[in-house]
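Next, two complexes with subunit A in common: one pairs it with subunit B, the other with subunit C.
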Partner chain A sequence: MHIQPILAALRRHKAGTVLIALQIALTLAIVCNALFIINQRLAHIDEPSGVDEANLFVIANQWGEQYSTQEAVERIEQDLVTLRQLPGVQDVTSSNNYPIRGISNDNFITMTPDQRAPTSDAAYYMGDANFVRTLGLKLIAGRDFRPEEVQNQGLRQTVDPSVAIISKAMATKLFPNSDALGKHFYAMTPNPITVIGIVDVLHRGDVSTWSAPYIGESMIVPVRPADPYGIYYIVRTKPGQLAAAMRAAPKALYAENRMRMIDPKDGLLSFAQVRHRAFESDRGMAILMSIICIVLLAITAAGIIGLTSFWVGQRRRQIGVRRALGATHRDIMQYFMTENLLISLGGLAIGVVLAFGLNLWLHIHLELKVLPLTYVLGGTVILLLLGQGAVFAPALRASRVPPIEATRPA
Partner chain B sequence: MLGYYIDLAIRSLKRSPGLTLLMILTVGFGVAASMVTYSVFRAVSGDPIPWKSAQLYVPQIEMWGPKGHGGPGDNGDPPDAMDYTDAIALMRDHRARYQSAMYMITPSVVPAEAGKHPINVEGHAVFNEFFPMTDAPFKYGSGWSASDDDQRAAVAVISEKLNQKLFGGANSVGKVVDIDGKDYRVVGVLNKWEPQPRFYDVSNTGGFTTNADDVFIPFMRAIDVDMSNDGNTNCAETPAQSGFKGLQLSSCIWISYMVQLDSAAQAKAYKDYLDGYAREQQRSGRFSWPPNNRLRDLHAWLDAEHVVPSDTEVSLLVAIGLLLVCLVNTAGLLLAKFLRRSNEIGVRRAIGAPRSAIYAQFLVEAGIVGLSGGVLGLLLTGVGIHGVSWVLPKDIANLAHLDVQLLLLTLIVAVVSTMLAGIYPTYRASRVQPAWQLKSN
Partner chain C sequence: MLKMTHLSKVYRTEVVETYALRDFNINVKEGEFVAVTGPSGSGKTTFLTIAGLLETFTGGEYHLDGVEVSNLDDNARSKIRNEKIGFIFQAFNLIPDLNVFDNVEVPLRYRGMKGPERKERIMSALERVGLASRAKHYPAELSGGQQQRVAIARALAGTPRLLLADEPTGNLDTQMARGVLELLEEIHREGATIVMVTHDPELAARAQRNVHIIDGQVVDLAEDPRFHTAYTAAAGQVRS
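Coming up: the complex of A and B.
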């Protein structure tokens, strides 16, 4: 295939050529960045929580009366017994928070009490001796809490835990070169906290971008938050009994003590719902970007088809002449395919620059990460295929122009 | 002549229905995508109190010193809320026209009727000047007085919604409401008031919320009865003492603060006062660092707090990109369409039509494509705004709506942009040489 005559012909269609190339360039720039955003969001949505999500549900319980710390402890223990007795319930625990709720309680972590810049900002879970077991966390080293280790903490009281179970991600961050078990750290506490156990994965309470440097870094301390305002009950059911237990739980709690509030909207959530809510905006963004990508690619394809069809119509006579002079169907076909390839390559060259330009802008103003080259390469391939696919039908039509056209007036 | 051009345009468009449909679809989708994302953007970047936002300011004081800095994303700004000590000191000095410290509360309200469950409500503990400062609209009664604040009176302002729930919507001023087990006298009932974002307490509410505040009680009263704060509490160090009292003695931040300053001079004076206050704290040894304060007006404050989600901005930007591609596409298609009719143009020119007539004819045609695309875009925008609640979080999606302004904007954007896209093709059409066209026939 000779490229020279194609370029010569394109020079006579400067405007159309430039418009298609420009369209391809803009499409590449947007599609690359959109795909990158989609992929980032999907990766975020798939972050593991580390808990047995299929069999867990959470009750946000608030009291309708003012309780002292001691009264609150008694109510909580009574509630835990009530919940544990429900059919289908395997285990129950209480906590100040749970993974991927959307909001973290977190503490700065330092290795020495007077360290200035913190080593980590870890999620801070308060759990009793049932916490690890109920959530279905995988203890990979050390031991679980003993019941006698668990202290009660009233509203804004400060208890000073001496031991903690930490996530593997946190262990690696604090002690990159050695085994964390038995070592100490400080979590805005006056006294050192000893690591007694390590769990494989435990997600933070929040899923925000600010905490991305601390992803997966969580700690559990043996504390029961006896908050007079309320608490989270986390319930693990036997397989397949989640729905029934979720229906029974609030009824049983209300029957036991009416002076409580379980928000009808979000007081009772299965973990599937928790995950759905946590990543709602990420999923939305991924869907939105996908829609835009599809519309964009469809429009670009349609544009190529439209303009090439016009060119084919315009050049019927020339095609006829070429056919009459011995060009085969394939030659004509190849001519249009190559023409599109050349325009696409030109457009894509500009598009690569635009893609990084747009990314740079998004990076500076809206904190998007730097676009990896693979996305640009991927986008380039997609658009080349799209162009070739779009041009196929008009090119085929062109190849069917009979040689007799050469003798007809334009 | 216009009627004739419209007739010509419609005939021409009918001749190639495929190409016409393609252009209309392109314009429709492009316009709809940008209008839907724009409607969301407009909703979240709107001014919640446009008549007054220039007079409302949020002061920030550096009470943490170097200890509070150095984390990721730190830009040297002082903390975005106040600790108790400084909030109370500023309230006592009372240097602004209006001012109020406020903190978020989530007490339980027990309905008077026996057998009803307690309900959990959101609210704020505020000072009396909060109401005139925010122009909170009253249905019955009014806010409380400065002396109520001083006497730590058990009074409350409740929302219309709570009034409906507790008193069936009747004028409940003077009646008693049970908040966290204590009796409060209702002094005012607000009309429906759900400013979005909730500008008076962005640091605790994050800006956009689906819930609205149901109760307001005097700040010092709430402190007296130990009504704990909800929302964010941020500490640079662990409080030395336990409990809510310990929080009040600590440098932890949990209080929002807003002032009304009516002129630039007043704002300047207030900023000087803040710096003077910080210097005084430095002299007394409480702060071991020089003043690092901010006094932002409401716009700058909402900006600094990133109230507009960056997702919204990214979406808008990408959608505008999509519109741009649609326009380039339409320009290409119009070019093809117009040049295909070189013969017709040649004939018209040969029998005396000036270039301006060709311009008019083809711009009318582009305009008709734009208008049709706009109508389609309008439909798609309607569908899109409806579908946005399925894609975006509720607190944001609920704010997007279709109104006359957006309707007109959709049509205008569609027509103007299509005509812009049609300028070059029209120019090319007008340059057609009549002689060539006639000769080749």
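Coming up: the complex of A and C.
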């Protein structure tokens, strides 16, 4: 390759060279970080909830009358029986919350009652003896709740559970060096809670980034929320029966008791809908970043095509002279491809520094994780290929300049 | 060295065919210094571009150094241009972005010559034209005569079998033109075959042999009085 004379020629065209190199540098810096953000968002969207999402739906039930705790308990029991009797329904439970709903009920967790800084801020699910089974959670150690362990909790009442089933992530956080089963922890009360079971995965209710340090840290306590104003029913259907059961469930509940409200928009959601809503902003951000990447890459490609086309037009006679002196089509192609490669490499060298600089800024101000080197390498390869692809057509045009061009008047 | 037989070059448009060369015959022997003269539009430059394989021809035969070139593909023609032909253009045709050294190096790079040999040849060629001290200068920093000397060095560096010069002094003043011409004569004395297209009868007179082209054909002015008047008039116009 004729690098030295190409570099010498580029030194005589500083403005165009520097502009394209800077454009490539900026594009690399932005595209690397954008791809990293996209990947993080996609990973977030794909976070496992731990539940049998394909066969679950949720009903947000609001009562139309003010019930006492006992009345609410009775109503809930009756609703669970009604739902359980629907065709295609496998199991039903009630809870204060459900995974990836978008909002968590959470409790600071300490290892001693007087510990100041909490060890965890765990998502706090109330569930009966059907909770684990209905959600399809995978119990990997210990046991499920027994019916006699379940307590009712009415409005403004506090119950103090003595046992809990916790997620593996929480078990690892609380007891990193030993088996969590049978061990105790505290959830903002002076009474210890004993770990009786561990489930493999149980996502928190929220999906926001603030809880990233506590990702997957969740606990279930044997409590049935008997809130007179509302509750969530979580229904698990047999495979393929979800849609039919979802249609039948509100009708059956209204038939059983009309003094309730199930919001037609948000009150009845399949878990697919729950997931879709929960990660809407992540999806939006991923799409926005993708568009930014595509637009930037397109602008850079257009810049390279524009400048190379301009240079080909400007150097038409010079190309003719080179052809007259023995350059083949391939030599001319190679000249422009190499020229672009050298500009790109210069731009990419600056771009690598800018990429890490931008990431540092995002890390400090927006808590973005540290950019892995693979993204920079990937971005470098993408931009090199883009540059070579963009320069191909003008270079091909240049290679077709005939040697007779050398004799044409300037 | 250079033999064209019944060669023709036709430029066609949708409505008209124009013969730039018609039944064109020429035979330049190795070591000859031939001046090709003729009025404007006679076909001198077309002859030179075809001779230099810068352009294809329509009919006839052209043997260059014993090779029939009409059926050669573009790569083979590029290779012959690079290895056997040296060009000297009226407008010098140096590459403005490259310094003198790099300009002379261009054909040698396309030949795939190794660095040390290239450098030796370049410096030798530049010394030959008296510009070794200007190797790092750019064309814009040189006079017209110096630029043409660089172009000659570029042509010589590749030790071509045939040197084609198109009005090599056309853009130079008298003193510079004389210098360039003396250089060409010196190169010829050393054995090079030179074909030079020129308007200038005085310049043509310095060549070993003159070939006159009128209306795309080689004519012998002495034996064909039909063209005598036209030639004299054309020569007179150039002088004035």
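Please note the rule applied: the second predicted complex is superposed on the first by the 410 of 410 C-alpha atoms of A that agree within 3 Å, B and C clash if a C-alpha of one lies under 4 Å from a C-alpha of the other, contacts with A are read in each partner's own complex, and residues count from 1 in each chain.
Keep in mind that, in the parts below, a residue touches a chain if its C-beta (ideal position, glycine included) is under 8 Å from a C-beta of that chain, and two chains touch if they have at least 3 such contacts.
Just so it is clear, the model here is predicted, and its values are computed rather than measured.
Of the two partner chains, subunit B is the only one touched by A:Pro213; subunit C is not.
Once the two complexes are laid over each other on the shared chain, residue contacts for A:Gly326 go to subunit C alone; subunit B is not touched.
For subunit A, the partner with contacts to more residues, out of subunit B and subunit C, is B.
Legend: residue contacts after superposition of the two complexes on their common chain; A:Ser178 is shown touching neither subunit B nor subunit C. Once the two complexes are overlaid on the shared chain, A:Ala9 sits against subunit C while remaining clear of subunit B. Shared contact residues of subunit A with subunit B and subunit C: 409-410. Contact residues on subunit C toward subunit A in their complex (touch as defined above): 45, 49, 52-55, 74-75, 78-79, 81-83, 87, 89, 91, 93, 95-99, 102, 105-107, 109-111, 154, 166. Residue ranges of subunit A in contact with subunit B, taken from their complex: 15-16, 19-20, 22-23, 26-27, 29-30, 33-34, 37, 62-66, 116-118, 121, 154-158, 188-190, 210, 213, 229, 258-261, 263, 280-281, 283-285, 287-289, 291-292, 295-296, 299-300, 302-303, 306-307, 309-311, 313-314, 358, 362, 365-368, 409-410.
Against subunit C, in their complex, subunit A makes its touches with residues 2, 4-5, 8-9, 12-13, 317-318, 321-331, 402-404, 406-407, 409-410. Contact residues on subunit B toward subunit A in their complex (touch as defined above): 19, 22, 25-26, 29-30, 33, 37, 66-67, 70-73, 106, 108, 110, 117-120, 180-181, 228, 235, 237-239, 241-244, 246-247, 309-311, 313-315, 317-319, 321-322, 324-326, 328-329, 331-333, 335-337, 339-340, 391-393, 396, 424, 428, 440-441.
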